[in-house]
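Shared chain: chain A. Partners: chain B in the first complex, chain C in the second.
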Partner chain A sequence: MNKSDSVSSTQLFYIITGAQIGIGIFALPRLVSAHAQQDAWIAVLIGALLPLLSLFIIVNLGRRMPGSNFVTMNQQLFGRWLGTIMIFIFIIYIIFFESTVIRIFSEITSIFLLPRTPLTVIIFTVVLTAVYIMNKGAQVVARLNAIFFWIMIPLVFLGLSALVHADYTNLLPVGEANFKALARSALSSATSYAGIEVLLVFYFFIQQKERILRVGLLSLGWTVSMYLLVTITCLLIFGADFMQMNNWPVLTAFKTISFALFERPEIIALALWLVVGIRPIMNLGFAAVYSLNEVLQVNRDKYFYLSVIAIALPMFILALWPQNLLIAFKWSEYAGYLFFLGGLLYPLLMLAIAVIRKKEIDNVG
Partner chain B sequence: MEGRIAVMVDGSPTAFFLPTLFVEFFQASEDYFERTYTGSFLRFLRYLAFFLAVSLPAIYIALASFDPELLPTNLVVSLGQSRKEVPFPVFLEILIQIFIIELIIEAGLRLPGQVGQTAGVVAGIIMGQAAISAKLASPAVIIVIAIATICTFTLPSGPLVQSTRILRLPLMVITAVFGLYGFSLGWVFILAHLSSLESLGIPYFAPFAPLRPADLKDGFYRTWLWKMDQRPTSIPTQQKRRQGTTRYKENEDE
Partner chain C sequence: MSGKINLLITLLIALLLSGCWDSRGLDKLAFPLAGAYDVHSHDSADIHDPSTKPSKNLIDVTVLVPNLTPKAQTEINVETLSGTSATDVRQQRGLTDADAYVIGMLRVIIVGEKLAERGLNKYMDALLRSADIPGTVYFAVAAGRGEDILKTPEKNYGNMGFFLIGLFEGMKQRTFVPVGTLVDYFNQSPGRNPVAPILERKGDRVIVNGAAVFNKDKLVQKLNVEEGHDLVLLRGIKAHSYQPFEAKHGNMRHWGSALVTNSRKVQYYHDQQGHNFMITVKLKGVLAEHSHSVPITEKHIHEIENTIEKTLQDQFETFIAKMQNDYKVDCIDISKYALAKNRRDLEKEVDRPEFIQNANIQVKVNVHLENTSEAR
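And then the complex of A and B:
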């Protein structure tokens, strides 16, 4: 493992939360309250069971195969050729997922910040930033995640001041949604927890493996808290019905904040806007780049940037593909469903095979 | 010296420490002569000064050209009135004024002794007023540039001043192109670059980048001296305790 790739277990907290909390948080209240109405926050909690399961599976998998990185893990479990194919499928999944993230982030930027700039240019700047960061290695990615996390904390507190418009009756009556509605909303909320599969690749980078489960649970707890906070705040301010008319309720709520001395605190959010969106792109993007690099056995020191470009270019092209925002939303929905495959079924499959072939792997390792 | 290596070169008037951390450029010895609140206030001031020195022209460009609605209404009105008389776009206006101020600073350095300082002050005032009268700049721009320049002079170390003066220009360019989004773009690039630097193998952005809470006590603020009994963990040393006497807490009798 390259020296520039070692990550501490504390940094893993920032990486996982960074990979999960991206631009999905803005549309979350609308998506979750579509069926569950005012019980959307219950759906957010139920949906968290999926990444929890994923976390346990991945940690267990990592424990069974100590010392192997994501690539060798696949190749040992599936055999060389099928393993390589699975890695490429994983990489393509990440490329598709991140291109939807890039597209929606650029759309939001275009609508709120730069209406006259061509979308291509905005997408290009996002991809360029991601390329610049991913090129530097896992350590820098981890450090940046930590910095961005702490930069965002004041924004969270600022957002809480929107609660002056809160009306607690919007949350009542509790428990009105039937099981089917809750299940459908929980499905939507589960898709926004995508990003936990970044642990598959980053597991190898961390030195203190025994702390990974604890840190993973903490980061998942933070993500759930953030989502819960945002959902309940939006429910309190808007109410479940009105939220359906708003594409991004969180942004609308943030725009309503105004103090006597400081009329538009949203300027702080806008000045930090890229920080909000770049985290999942650089985390999962780096996971894909590293896997590609290892699979193709490219010289890490000299030609890493080629792997970075090989991942960034398809992301850029795919991000440009949807013709308008509605199609981009559809793509993002599909990417969310793909998370069930890539984030849950895929690690589960690997774990199952690891358990079944336990004897053979012990002999090999 | 906290376990660092000092490098002194024969024939050079300066010496420096290795490994260097970013926070060291904000630590000045007078922080430690005062009590913790004064020292911390000075620290905060320097970090704020650094941020303003680099970002203030860029923020002004972003707000004046792209997003005037983010400013308080009265301010927008007066800004608009003064700006409409200036024939240049905001970016060009600020660029010209920055150029003039940099020239004044350099000229003040070269002129001998008292003449240099007086010339600097007088030139600053007169050029500023003349620029406003000639409608080459609006008063807001002069204020912005003045504050940014004063902030650069608050910084305790020479290299940091130079870097700040240079760094504000690309940030201005990218903000002029992309507005507030460009501002965040520029800062992400700056932070990414800072986080990737290493000095003798030690991460340069150390108490902030690989987050080391134990070292933050001398970062943004300066803790009580009785708490500063360990050397910074970012610097690899064999001895963890600081040498020299560290004060005891006021309540302890010993």
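And then the complex of A and C:
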């Protein structure tokens, strides 16, 4: 392991929350209330079961193969060639996922902050920033996550001030949504927790492996709290029906408040959130870069930047591909469904093979 | 990567994010403070403005823009243009105005009553879609044309825009008049109907002269100031103002007012007789004025409280009867309590006139005067 890749367990907390909480939080209340209506917050809680399961699987897997990094783990479990193919599939999944994140991030920037700047320029700037960060190694990525995390806190308080418009009747009656509606909303909510799979790669970088599960649970708890907070806040202010008319109800919530010194808090919130929103891109992007670098056995000191460019370039191209925002939303939905494969089924498959192979080894022994 | 390349990347990022495409000189910008939407009138648009194709569906959009250009002949520019939609007018403004409009500073939107009666959503969609426009823009209806409101000369506040902003900001603290914003207007979920203050030009002044009741996006009723007062209290819009009272004790007539804040509680239940609402309006405050300068006793305070309660009870019952029989729309925002009990079944029902017409609505008033202010 390269010296620049060592990550503490505290930093892991910031990395996991950073990989999960990005620009998607702005649209989350609309997506989860589309079917569950006022019970959307219940769907947010149910959706958290999926990343929780994923966390347990990944930690279990890491404990069974403590000395292996993500690449060697795949090659040991699937064999050299199939393992390499699996790694490449995982990398492609990350590239596609992050390209949708970059696109929506750029669209929001374009609509709210820089309407005349060509979308290509915004996307290029985002990718260039991510390239710069990823090239510096896991430690820098971790440290930046730690700094950016604390920028989120004042934004939370700023958003809570919109609760002056809260109407508790918007949350009632509780439990009216039927199973089908809750399931559909829970599905949307579950895809918002994508990012937990970053632990597959970062597990290897953590010094204190015995703390990983606890940190993972804490970070997931934080993510669930944030999602719950924004969903309930938006429900209280707008109600489920009105939210369906807004692409990003969280930003609309910021627009309902005004202070003497900050007449347009949504601009400040969005400007700060640009910093917070880049975290998933750099976290998962780094995971893909590191994996590619390891599987191709590229000299880390001299040619790491080539791996970075090899990941960033397709991300940039794919981010430009959707013709409009509606198609970008559709892609984002597909990327969310892919999370079930990349974030749950893939680690589960690896764990199943690890368990079977251990039994085989034990039987042979 | 070498240090030079790192520096190059940093500079490039900083350059791209410095808003090369979006930056505009401040002297080339105009910041409209207030806007008005009206039905088209042949007399309104300036004859020098680009001619509009005749159409049945024209609207007039008036904007009030402070003139920031140094040594400008006028401090304020109020211009009306006609078009088929708000964005059509914006496009035309590009042909007549040298400055680019920054609509993010917009603070007041007024709609003429005739346009409001047609239904506003199709005309105001651009306001909902625009990311620039804050949700805290005040929304009002004009008795007559909104254009007339904006074109009223204002002597004391610099321009009508600043006057209106100050007026709306102060209303909640000084009157029982509903103050609404664009977000309040656009939230037309089941059971919700917006209300707005009515502005009227009287000579050289603009005053608030009542409240407008909407059925979703259509103006259905204009209330006078007293009815607007009842609307605010029944709807539970938080406000702080004077509640007058008048009572007779034998030959003596007592009158005065209490300075109160209001709150509301609504209980709902459904039985075989239908939908039942019990509204409790609470007023809490101090005695602000009394016709007789005598020390007020506890008994007297209670009498004043009872007088206010009785007066308001009668007023509210009259208002509710009108609401059910004449307006036929829930303008006091009680349907949401029914939805809070059974949203799935009632969602499609609450917006029908029969729902509010047939509802059994009871009202109770509770007044508590904490003290008699400084004087006894």
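The rule is simple: the second predicted complex is superposed on the first by the 351 of 365 C-alpha atoms of A that agree within 3 Å, B and C clash if a C-alpha of one lies under 4 Å from a C-alpha of the other, contacts with A are read in each partner's own complex, and residues count from 1 in each chain.
Here is the rule we use: contacts are C-beta pairs under 8 Å (C-beta built on N, C-alpha and C of every residue); 3 or more make two chains touch, one makes a residue touch a chain.
Here the structure is a predicted model, which is why all the values come from computation and not from measurement.
A.B. asks: Check chain A with both chain B and chain C modelled on it and let me know: fit or clash.
C.D. replies: Aligned through their shared chain, the two binders clash on chain A.
A.B. asks: For A:T129, using the defined touch cut-off, is the partner it touches chain B, chain C, both, or neither? Pick first, second, both or neither.
C.D. replies: both
A.B. asks: Quick one: is A:F238 in contact with chain B, with chain C, with both, or with neither? Answer first, second, both or neither.
C.D. replies: second
A.B. asks: Contacts for A:P118 in the overlay, against chain B (first) and chain C (second): which applies, first, second, both or neither?
C.D. replies: second
A.B. asks: Once the shared chain is lined up, is A:Q11 touching chain B (first), chain C (second), both, or neither of them?
C.D. replies: After superposing on A, A:Q11 lies in contact with chain B but is clear of chain C.
A.B. asks: Would you check which partner chain A:A271 touches, where first means chain B only, second means chain C only, and both and neither mean what they say?
C.D. replies: Only chain B is touched by A:A271; chain C is not.
A.B. asks: Once the shared chain is lined up, is A:Y305 touching chain B (first), chain C (second), both, or neither of them?
C.D. replies: A:Y305 sits against chain C, while chain B stays out of touch.
A.B. asks: Between chain B and chain C, whom does A:T252 touch in the aligned arrangement: first, second, both, or neither?
C.D. replies: Touch partner of A:T252: chain C, not chain B.
A.B. asks: With the two complexes superposed on chain A, say which partner A:I147 touches: chain B (first), chain C (second), both, or neither.
C.D. replies: The answer is first: A:I147 touches chain B but not chain C.
A.B. asks: Quick check on my understanding: which residues of chain A belong to both its chain B contact set and its chain C contact set?
C.D. replies: 113-114, 117, 125, 129, 132, 263-264, 266.
A.B. asks: In the complex, go through chain B and note every residue touching chain A.
C.D. replies: On the chain B side, the touching residues are 59, 62-63, 66-67, 69-73, 178-181, 183-185, 188-189, 191-192, 195-196, 203, 205, 208-211.
A.B. asks: What residues of chain A sit close enough to touch chain B in their complex?
C.D. replies: Its residues touching chain B are 8, 10-11, 109, 113-114, 117, 122, 125, 129, 132-133, 136-137, 139-140, 142-144, 146-147, 150, 263-264, 266-267, 270-275, 278.
A.B. asks: So in the complex, which bits of chain C are touching chain A?
C.D. replies: Result: residues 1, 6, 9-10, 12-13, 16-17, 19-22, 104, 128, 131, 134-136, 181, 183, 186-190, 336-337, 339-344 of chain C touch chain A.
A.B. asks: Which residues of chain A touch chain C in their complex?
C.D. replies: Its residues touching chain C are 37-38, 111-118, 121, 124-125, 128-129, 131-132, 135, 165, 167, 169-170, 172-173, 176, 238-239, 241-242, 245, 252, 255-258, 263-264, 266, 305.
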